[in-house]
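Two complexes come next, and they have one chain in common, chain A, joined by chain B in the first and chain C in the second.
Take a look at the complex of A and B:
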């Protein structure tokens, strides 16, 4: 088993109005990575380079030990890819697609495909064009999963799904991970999905990676502190301050390097800590991107 | 014994509206299961991956909960053999004690936020205990 299912190193791709800039990304085998970014941040471009559909201008990409894009034919046998612009044929039925996939991929698992039909509440005899958006996503996911790929790459898999379909899709992604040699990489602008099932989280904005860490580290390091300052006191310097809001007497400080010592450092200086608030991934994402953008470095 | 897992249906129920991190919710519910004897000392419990799949949460989150539970001496994880409840017979009372302490901390914290003095907080606790006794009789 290789340590990293996906390894990007200094990957750059220039377009007229957009540059994917020096992307470094390492995804350990057996993990789920959630790639979070606004629309147009570079998520799809990153995934397309990973799949060898777009060729990078600079940098190296290794997927399941294969160099991309040169060895993409080998790599693709082991990757299940799902994206919005990858449509199924409208006229044929889902069953036709299942037979087609079975004829191409030697590892096609017919029993698993049939059990997915049941769990996804899909009908094999139904034509693709008669399906709802949610049914189409689930049909495409079924076709990708039943190949039993080593790596699943999913571009916005939960976008536009109702809560039930979303739960079914996330549940099947997790089920893939029951086998610790399989790896999942998915992009989303739904931070809730990413927060729920990801082991690794990478924020991408304007073609650059803003932050990348394991989820627990992410959620542990970010805190919002509600402080009460005595009159005529200045806010003490705290580690990792990303944003300061609130008023001068009642500042609200967002930090990405929180540790319990921060609280004692405040109290020692006569600053009362009213509360230390946990942040959701969405709040962290917004704070992280805003501070990067305001920093002017980009 | 190690491979003998519990029925996985609704083993642990996580709540989205609970503001605590998910790993803490998992820890608390495992502690409670051990405390009430639903999970018995020495018995096998679900593997990290199996529980993650069941709960639809990250493997890393469950791993963290298990690591901390191990540190607390509630479960034992042996590499390649999975996890079991620790064999400590005094586990139950100690867990209740910890939970009690945690609730006291929360009550005291909220009381202080509301501006109550220490005496007032203590008095309110006494009054609540008396009220419970009256309700029970």
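Take a look at the complex of A and C:
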């Protein structure tokens, strides 16, 4: 088994008004990586390069041991891909799509496809154009999963879904992913989705990777400290300070290198620590992106 | 080239266009049957040919524009997520669309020729003109294919299809002005001239060139979605 399902090295793609700049990204086999970024950050371009649908101007891409885009046909035999702008054919039924996929993929699992039909509450005989958007996303997910791919690439699959459908799709996806070990690359601008599913997280902004680490490390390292400074006391130097807000006497410090020793360091210097707040992934993402945009080092 | 995958994509296009293929064939056959039973009536023949040409151009434009339709309806990402390269996709799209059109085109051409040869009242001298104009329709369809596949733009494709349809009248009028084609149209026997051979060869060469240019451009594309 290969160590990394996906390896991007110095990947660059230039458009007139956007550049994906020197992307280095490694996805270990068996991991679920959430690629988080705002709209237009470069998530879809990254995943399209991964799929061979867009050719990089510079750098190398290896997917499941295949060089992209030259060996894309071989690589795509082992990839399940789902993107927000992907539609199935409207007139045929889901059953026709399932038969079409079965004729292409040697690992197509008919029994698993049928079990997913029940789990996703889909009807094989129904035409795609008669389905709701949520059902269409589930149908596309079924077609991606039942081919038993080594790598699942999901590009904003929940975009455009209403809250109920989004929860259903995510719930089903999480249940399916819990069944067995898969390598998944999941992109979204919705941090809640990524937080639920991923075990590794990468932030991307304006075409560059901002930060990449496993989810627990992200959540453990980032804290917001509410401090009380005595009069005529300066804020002590703390590790990994990303942002400082609040007032000069009651500063709110965001750090990405928190450890319990930070609190004792403050106390030793006469600074009272009012609270140490755990940050959500969304708060971490925003702080991280804002810091980078302001030229701060992470 | 993954031939098996190309075949599956061609089969897919046939399946998706099956109703249009069937109705076009039935419409064309019924029209030709009416022409054949008209005992050489000029009005029925002209009306019949207009209907058949309309069916051929309409069907050709619809099938050939399917590359544009796939992008517009956002089914292209689904197709391109399958284990194929873009050259294989292009091959499947062009060969599949041409095969669909060629089935209709061949059936219509054979039926028209059979009608002229077997039904009473039609001069056999029409045959060179009919063959040249039929290949002209095929060439026009290939042009629409080339534009649709390479630009994936609805505007360009519709524009070229309209120009192709309009130029058909002009080309027909231009060909009839050749004395050894137009002058022989009312002849009881087929008179195949050097001019007819030259026109036919030019059309076939243009078809080959259009297809070659399409593959050349597609092979150099870097962004497919």
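Here is the rule we go by: the second predicted complex is superposed on the first by the 275 of 298 C-alpha atoms of A that agree within 3 Å, B and C clash if a C-alpha of one lies under 4 Å from a C-alpha of the other, contacts with A are read in each partner's own complex, and residues count from 1 in each chain.
One rule holds in what follows: a contact is a pair of C-beta atoms (placed from the backbone, for glycine too) under 8 Å apart; a residue touches a chain by one contact, two chains touch by 3 or more.
This is a predicted model, so every value here is computed, not measured.
Enquirer: Quick check for you: in the superposed arrangement, does A:175 touch first (chain B), second (chain C), both or neither?
Expert: A:175 sits against chain B, while chain C stays out of touch.
Enquirer: Look at A:150 in the shared chain and tell me whether it touches chain B only, chain C only, both, or neither; answer first, second, both or neither.
Expert: Once the two structures are laid over each other on A, A:150 reaches no partner at all.
Enquirer: Please indicate which partner A:158 is in contact with in the superposed arrangement: first for chain B, second for chain C, both, or neither.
Expert: The answer is neither, since A:158 touches no partner chain.
Enquirer: Please work out whether A:83 is in contact with chain B alone, chain C alone, both, or neither, and reply first, second, both or neither.
Expert: second
Enquirer: Considering only touches as defined above, state whether A:74 meets chain B (first), chain C (second), both or neither.
Expert: second
Enquirer: Should A:48 be classified as contacting the first partner (chain B), the second (chain C), both, or neither?
Expert: Touch status of A:48: second partner only.
Enquirer: Check whether A:256 is in contact with chain B, with chain C, with both or with neither, and answer first, second, both or neither.
Expert: Neither partner.
Enquirer: Identify the partner contact of A:92: answer first if only chain B is touched, second if only chain C is, both if each is, neither if none is.
Expert: Only chain C is touched by A:92; chain B is not.
Enquirer: Share the list of chain A residues that count as touching for chain B in one structure and for chain C in the other.
Expert: none
Enquirer: Can you list the residues on chain A that touch chain B in the complex?
Expert: Where chain A meets chain B, its residues are 30-32, 167, 170-171, 174-175, 177-178, 180, 196-200, 214-216, 219, 274-275, 278.
Enquirer: State the interface residues of chain C toward chain A in the complex, per the touch definition above.
Expert: Contact set of chain C toward chain A: 2, 5, 8, 12, 15-16, 73-75, 77-78, 80-85, 88, 222-225.
Enquirer: In the complex, go through chain B and note every residue touching chain A.
Expert: That would be residues 19-21, 23, 49-50, 52-53, 56-61, 64, 113 of chain B.
Enquirer: Mind pulling up the chain A residues that touch chain C in the complex?
Expert: Answer in residue numbers: 48, 51-55, 72-74, 76-77, 79, 81, 83, 85-92, 96, 100, 103-105, 140.
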